[in-house]
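Chains here go by letter, A, B, C, D, E and F, matching the order in which they are written, and residues are numbered from 1 within each.
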Amino acid sequence: MARRPTKSRPEAQNPVRRVTAKAADGDDTFVTALKLADAELTPAMRAYFDKCTEKLGFVPNVLKAYAFDMPKLEAFVAMYNDLMLAPSGLTKLEREMIAVAVSSHNRCYYCLTAHGAAVRSLADDPVLGELMVMNYRAARLDRRQRAMLDFAVKLTAEPWGIEESDRKPVREAGFSDRDIWDIAAVAGFFNMSNRIASATDMRPNSIYHGQKRG
Amino acid sequence: MARRPTKSRPEAQNPVRRVTAKAADGDDTFVTALKLADAELTPAMRAYFDKCTEKLGFVPNVLKAYAFDMPKLEAFVAMYNDLMLAPSGLTKLEREMIAVAVSSHNRCYYCLTAHGAAVRSLADDPVLGELMVMNYRAARLDRRQRAMLDFAVKLTAEPWGIEESDRKPVREAGFSDRDIWDIAAVAGFFNMSNRIASATDMRPNSIYHGQKRG
Amino acid sequence: MARRPTKSRPEAQNPVRRVTAKAADGDDTFVTALKLADAELTPAMRAYFDKCTEKLGFVPNVLKAYAFDMPKLEAFVAMYNDLMLAPSGLTKLEREMIAVAVSSHNRCYYCLTAHGAAVRSLADDPVLGELMVMNYRAARLDRRQRAMLDFAVKLTAEPWGIEESDRKPVREAGFSDRDIWDIAAVAGFFNMSNRIASATDMRPNSIYHGQKRG
Amino acid sequence: MARRPTKSRPEAQNPVRRVTAKAADGDDTFVTALKLADAELTPAMRAYFDKCTEKLGFVPNVLKAYAFDMPKLEAFVAMYNDLMLAPSGLTKLEREMIAVAVSSHNRCYYCLTAHGAAVRSLADDPVLGELMVMNYRAARLDRRQRAMLDFAVKLTAEPWGIEESDRKPVREAGFSDRDIWDIAAVAGFFNMSNRIASATDMRPNSIYHGQKRG
Amino acid sequence: MARRPTKSRPEAQNPVRRVTAKAADGDDTFVTALKLADAELTPAMRAYFDKCTEKLGFVPNVLKAYAFDMPKLEAFVAMYNDLMLAPSGLTKLEREMIAVAVSSHNRCYYCLTAHGAAVRSLADDPVLGELMVMNYRAARLDRRQRAMLDFAVKLTAEPWGIEESDRKPVREAGFSDRDIWDIAAVAGFFNMSNRIASATDMRPNSIYHGQKRG
Amino acid sequence: MARRPTKSRPEAQNPVRRVTAKAADGDDTFVTALKLADAELTPAMRAYFDKCTEKLGFVPNVLKAYAFDMPKLEAFVAMYNDLMLAPSGLTKLEREMIAVAVSSHNRCYYCLTAHGAAVRSLADDPVLGELMVMNYRAARLDRRQRAMLDFAVKLTAEPWGIEESDRKPVREAGFSDRDIWDIAAVAGFFNMSNRIASATDMRPNSIYHGQKRG
């Protein structure tokens, strides 16, 4: 939602230099294509935004996008934090890898940008995030992580076709029933978020683009 | 998760009567294919389950499926209730129609069964739920509801292709920016839930099948 | 073809109650979107319609749809009755299961409604029809019926990819060459009927919806 | 069904000349991959086969494929002759063009071969059949025939998406409601036949390949 | 590019004979839908065109299409001749089989026509070209050629999914690493050429249609 | 082709740190999965490699991949340089944007990495490359560049469906017939290159990943 909407980018007038402005221009002020007025943050959400600013240096745009309605924001934050940060048989990096592989299938600009940066950072590996963004099959993953991503991506592409025969290689790669739930829940969550971001033209904070590149 | 797992159905031994048992057998004891021990319900969730039993006569299996972990159950319930029951420019029926049209695209047995019953009930129309399950394009909807479902289903099938030109007919059918958020959020939520249900072979309470049929 | 065409349903005028009429309204008078005058029934077809009325209580709309031309009606009835009712290594229920699984892939409202009711009835199992309509992979079928439906649905979705390696598991599940013909012929027939129904917006008799639900 | 089954083609032993036999070898003796014994032809079918031999010089393999069962053969012949030869607002050539465009979508070797030859012959145009086989969109058709094929091919590829908005351009190109039925019925019939041919590995009489090439 | 553009074919005025002209009319004068003036042939390209005329009796239209720019024509000819004619572990026929199977997936009228004729000619088998055009899976190929085409067609349809597990059956069918490169390079080249032909509505010389039919 | 093949990455032995090595490890020594011995560079190719080293600081791996055979390397270089560097109505940036949008559809790790860096560099805009990699529809392009990429991507995804109606918006956005050729030729070229890279598991020089990120 464009709280302080930037001017819509005019058609280029200069044929020599058609991309007249940087592609990310306005990414930090334009949040979504929906004009929704900010609600007043509840104390819990105010504290959460402050914590983001303190730890990350900024409030992720997805949180600003939900900030028109406190129950929605709080439900999103509760689910997100449980899935991505709470104890699990999956490492935080693995959960972010699922997030990016799913978002790659769905070609979601917001999530690929924000969570691609997270993979680069958590793995301390500037290339792994690129591989998740571009084609996870090209990454040289161990059997465990490959089975995890194959399950998450098939669940994304053809949920109607998932059966015990799909869970079997995941189990055989060492994942417990609880782990399978977590893989499914993270994959499911990003199938939700990708769609909310695409439906609203949500734009990522531009700072993500340069993070952990070298 | 199969707390009291039924015997796995044996290969039919009698060629004359191959479907040896009713298809829904065990649907009320078999919840998912994952063996996860129930956690102790928090007071809030205990009250919520009791309310379900009181109002519906049963606890929906999806809640039992999440009951291995209270933070996950509470986050799911908070998000579900906000999306499907809180005030919105969409009627409760419209939100259930989106739920079923999305679940039809994803061919999710759990969600089609549970939310198909909800559409039949809220519309007081035993056929409308069938149409949402089978092919929403065959329903004789007014322009508003058709635009709403076209957006929700394209968002489900090709989220990468959604642009302002897709939001335009939704706006022109009378939906506000907030309504567009709600359509996207409900469609997104069922894209998540369909995948968790498919990943875990979640089975609906068998009572849904007969509800509001005549 | 709408012999006694109902008024086309107007855009809802009342925003509070948008679905102004029941979804099945007119299903029993509106047969297809094509205006084709009834031909005079031949004695054989007259007798057949009478038999339908006697045994079912109604004439299925698909027969009314073909009744503009006696050679077409007779050819359809001859092929249908041979495929679905004549002796075969497939039970009548199995043939109806193929009909519904194919129609589910093609999302055909007419055939899912009419033949979903047939599965519920022949199986004396109100849920099995729902499973065929929603996603046959979720049904707990024995190996024979699963092999049969996998073949029929692949033949529906990707006929160009069928080879001996697809017939092999069908043979191994106990089907003879003649049975394979019958599976293919039933699957093929519904691929035809689904398309004629979709092309003409054929509507099922509304009575099917409530049959064998409990 | 291979009545006089040819020896299965051995793996090539000569690396220099790997395709050791002509591709059509055995096409006139190998009919399908199913071993089904011929039934005795009824007098009507005997007369029909004789008429084929007299007029075409051969009995089309599809008829031999059905000849294991007289009711099936007779139902097929009745429907085929009504659709393709009886009076209609569509010319016989147009019906064959639909047959080939549908079979091209489904990549059916039998039907493309037999009906491609029919288009070449009826149009007295050796190239038109090739265009229908390869990509009907590349043919320079008038608006009528293009609308007809666009409808038939969408009906083949996405029957679930056909609505009045798809019938509209067909109507506007001059087709009556009866013509629309006929387009749908021919497209539907070949969606059936393509699948029976693919399911059984049906092979066309080799004589078709050279017909009307110059 | 239509150097001597034929009159655009008028809408048929005679309903009885709607295809008023042969489908290939103008194929030899209409080369593409783009109007691009011929450049002067370099001596090397002049010699090459002369050689085509001498050996084939005509200059293939694809060469005329590139003749608006000598560097583009020369680069195309150099790459084409290296791939299709230079020494390789693949026979010339095998390279043409890949060309046609790829072009069939992409439904490219130009390439199917020109290279379908090449397969018929090199194999001295009028049917093999038809099989490659229609559905290579229906051809009775030895294991080597089947593995080769399966790899080429998957590479065409889903390049993102190719992994070592796809190269393995190709290696096991006897192909060397250099052969795998050549399969990929020919498949890649026709994925390029198919798109240039489709983008420009390139038309084949009509003489191809009748070549090596009997 | 792995001239100095790195040890194949072993399955991770340490469950705590599963990604035991950086994802790009070996990218600069491992070029493709095919073992092909380098040929001796011709003087022209030696000079070209030296020029790459001088201007870029390295020889792009795609050139090393082709270096097993000089005619193939020279044909590739000639076509590449003509398409991407020679005068054209398309700017070099526009040609690189097509390269990346096509490679994104095909999810080609090599081309997305190498040409994503080129877009970032030529546009002097670190975000534009990311948008081309992730989903070009999310970029705020002017009408000209959007029409160009829509044509290139449809040509990539469904070449069989391209007709004059697809060229029309490209023409209306100001592109000449020659420009349309160039769009098609660049899109076609990367459809070829993506497949050669995917078929051979070609890996990009790791230096690309960090280029022009801030």
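Keep this in mind: contacts are C-beta pairs under 8 Å (C-beta built on N, C-alpha and C of every residue); 3 or more make two chains touch, one makes a residue touch a chain.
Everything numeric here is computed off the predicted structure, so don't read it as measured data.
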item	value
If a chain touches chain B and chain E alike, it appears here	A, C, D, F
Equivalent interface positions on chain A and chain B, same or different at half	same
Farthest chain (mean CA position) relative to chain A	D
Distance between chain centroids, defined by C-alpha means - chain A, chain F (Å)	26
Separation of mean Cα positions, chain F and chain B [Å, integer]	43
Chain F residues counted as touching two or more neighbouring chains	107-108, 135, 160, 163, 201
Arrangement of touching chains [line / ring / star / complete / other]	other
Touch relationships between chains, expressed as pairs	A-B, A-C, A-E, A-F, B-C, B-D, B-F, C-D, C-E, D-E, D-F, E-F
Touching residues (chain side chain C, partner chain B) in the complex	9, 11-12, 18-20, 22-24, 27, 91, 93-94, 104, 107-109, 112-113, 123, 125-128, 130-131, 133-135, 138-145, 201, 206, 209-210, 213-214
Complex interface listing, chain F residues touching chain E	1, 33-36, 68, 71-72, 74-76, 78-79, 82, 86, 106-108, 151, 155-156, 159-160, 162-164, 167, 177-178, 180-181, 183-185, 187-189, 191-196, 198-201
Parts of chain A lying in touch with chain C, wherever the complex brings them together	160-161, 163
Complex contact set, residues of chain D against chain F	135, 137
